[in-house]
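First chain A sits with chain B, and in the next complex the same chain sits with chain C.
What follows is the complex of A and B.
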C-alpha cells in the first residue's frame, strides 16, 4: 500500500470523529487531529482502535500516545505493518 | 413567600407511545405496550412478556449524533435523553444553546446504566482486552450517564445529577427538583427517570418469581393490577421527563403551564415493622402520603384522583388499604384510582416519572384514564373501595388535586401532589 492509499484509508477512519469539515477536506500529512480536525481528545483512543482493526495491527500504548497527527499515524502504521 | 413550581414541559418514552401526543392517545384509549419477548423466551425466563419503548433508528437520529451512536448500547440513556429533550423542547426552551444556562439543571434518576455496554465490557475485560473498550464505556455505564448526556445536549449549568431509589426514583427526582426551585437555587429543573431494558435487568425479578408467568400466550392480559387474578408484574422499561419551573420564570416566558407541583414527601419505613428490603412498612407508606398532603397544604378530602404504584402483585390490596387510611376515605367516598402498569408494565426506575407524566396529563386535560385487566376486582380491594372508583372506561372529569405515589425496594416511598394550575 502506498502512502496516498494509506492516507485515504486513514481519512475514512477519522471521518466520524471530525468536527472541522474544511480541515478534513484539506487533510494532509501536516494535519493535527485535535488542533485542525477538532477531534475530541477522548476519541483519539477510538481512532487508534479503528486503525488497529482496519490495518490488522496492534498499537502499543507508547505509540498511541504519539498518534496526534496524520504524519505520526502514518509512521506508526508503516512501522507496525513492517513488523508483522 | 414560598416559590411556586409549575410544569411547563413533558416528554415520554413509554412502551405504548413515544412523545406526548402518542402517549396521551395511548393512555386515554388503554392501548397496551406489552408484547411477547422472544429474547426472554430464548433465555428460558419464566416470564416471556415485557414492555419496551419501540425506538426506531429514525427516532435515535433525532436525538443523537452519528458519532454518539457508534458503539452505543445503553437503553436507559437512550430513553432518558429522548424524554428529557422532548420535555425541554415542549417547554419552548432553546435547542442546542451556545451558552451554559446556570439557572437550569437536571435531576434524572436511574437504577443502572448501560447494562448492555457493561456486559460487552465485562466480556472484553475477561478476554484480557481491556484496551479495546473504547472511549465511551465510562459515560455509558456510569449511573449518572443519563444526566451527563442531557446536561451536554442542553448546556445545563445548575445541578446535573442522577438519583437512585429503586421504583421510587422518578417520584423522588420530581421532589428533589421541586425543592431546588422552591429554595431559589434554580429556575428550571428537568426532572425525570429512566430504566434499562432487557434480560440483564429483569433476570433478578424473574428469579424472585415476582413477574407473571401465566400470560406468555396473551401478553396484553398479563399486567393485572388490583385484579383477583393478578399474578405478578410485567417487566418494563422507559423514561418520563417533566420540566419544572419557577412560576415567575414561566409567566415571564409566557410558557404553557400543564399543572402545578404543590408539594410532596419522600420517606422510608426503615425496614422495621412489616417493612423489609422488598416489602413496605405500611405505617411509613401512610405517613408518606399524609405528610405529602400536609406539605402541599391540602387535606385527604381534596384529592380527586390517585395514580397508584399498584404493580399487580399481592401487595396491591395493602396499598389500597394504606390509601384509605392515609386519606381517611373509603367506599363511595374514595377518589378515582388507576395504575398505568396495566398497559406499560412495571418500568422500574423509570416507572415513577412515566406514570407522573400520565398523572399530569390527566390534570391538564381533565380525565381519568381507564385501568385494564381488573374487571375481576380483588375481593380485598372491593371491600375497601367502591368499584366505580376503579374505572375500566375513560372518564372525562376535571381534576383539581391528584396524588401520585411510588414505592420501592429498600422500603422507600414517594408521594407527589399535582394540582390544576390556578392563577390564585
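What follows is the complex of A and C.
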C-alpha cells in the first residue's frame, strides 16, 4: 500500500468523527485531529480502534499518545505494518 | 493551575459506544475498568472517570507544554464526587458534578485552591497563545473552558487574588464552585 492509499484509507476512517467538514476537505499530513478536524477526544479512541481493524495492526499506548495528527497516524501505521 | 471538562451525556451516548470492544482498555487501567464495570451505572462511571482524566490532562498539558492523547497516564482511584487523579509524580484534586444531563469535573493542584475558583462569563475569557486567561484587577489568572454539546463551563483560578480582594466576587457570572448546587 502506498502513502496515497494509506491516506485515503485513513480519511475514510476519521470521516464519521469529523466536526469541521472544511478542514476535512483540505486534509493534509499537517492536519490535526483535534484542532483542525475538531474530533472529540473520546472519539480518538474510536479512530485508534478503527485503524487497528482496518490495517490489522495493534496500536500500543505509546503510539496512541502521539496519534494527534495525520502525519503521526501515517507514521504509526507504516511502522506497525513493517513489523508484521 | 486549573482544568475542567464537561460531558453532555446525551451527546456522549450518540457519539461514543463505550461498550465497543477495546474501548475501555484504551482509556482505563484494569483497576479503573473494574470500578466502572462493577458500578451501579457503568455508563455514568465511564464519563465520570473520563471527565476527570480530561480535566487533569489540561493541568498536565499547561504545566508541561506536552500535547498527547494519553488517558492511561492519568489514574483515578474511586468514583466519588471528589478524589485524587495521579499522573507521573503529580497529583491533582478533582470535584465532579453529576447530573442527569451532564458530568462536569474541575481539577486543581492544591486543596486550598477550591475557594479561589470562580465561574466566568464568555466575555471574561482572554486567549493568550491559545490558552484561556482571565484579567482581573491588573493581573492575568489562568482560566479553563470546556464545551461539549449543550454545555459550556468556564472557571478562573484567582490564586493570590481572591485572598487579597474579595470585592469583585459578586460581579462573577456564577458563584464559587463550593456553592455550585446541582440543578
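The rule we apply is simple: the second predicted complex is superposed on the first by the 84 of 84 C-alpha atoms of A that agree within 3 Å, B and C clash if a C-alpha of one lies under 4 Å from a C-alpha of the other, contacts with A are read in each partner's own complex, and residues count from 1 in each chain.
Heads up, the rule we're going with is that a contact is a pair of C-beta atoms (placed from the backbone, for glycine too) under 8 Å apart; a residue touches a chain by one contact, two chains touch by 3 or more.
Since the model is a prediction, treat every value here as computed from it, not as a measurement.
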Simultaneous placement of chain C and chain B on chain A, clash or fit: clash
Chain B versus chain C as contact partner of A:66, first or second or both or neither: second
Which of chain B and chain C A:74 touches, first, second, both or neither: neither
Partner chain(s) touched by A:42 [first = chain B, second = chain C, both, neither]: both
Which partner, chain B or chain C, touches more chain A residues: C
Partner chain in contact with A:57 - chain B first, chain C second, else both or neither: neither
Selected from 2-10, 146-154 or 362-370: the stretch of chain B that, after superposition, runs into chain C: 146-154
Intersection of chain A interface sets (partners chain B, chain C): 17, 42-43, 45-46, 49, 61
Chain A - residues contacting chain B, complex: 16-17, 42-43, 45-46, 49, 61
For the chain B and chain A complex, residues of the former touching the latter: 66-67, 70, 131-132, 134-135
Touch list for chain A against partner chain C, complex: 17, 40-46, 48-49, 52, 61, 64-68
Footprint of chain A on chain C - complex, ascending: 12, 15-16, 20-23, 26-27, 50, 54, 67-73, 148
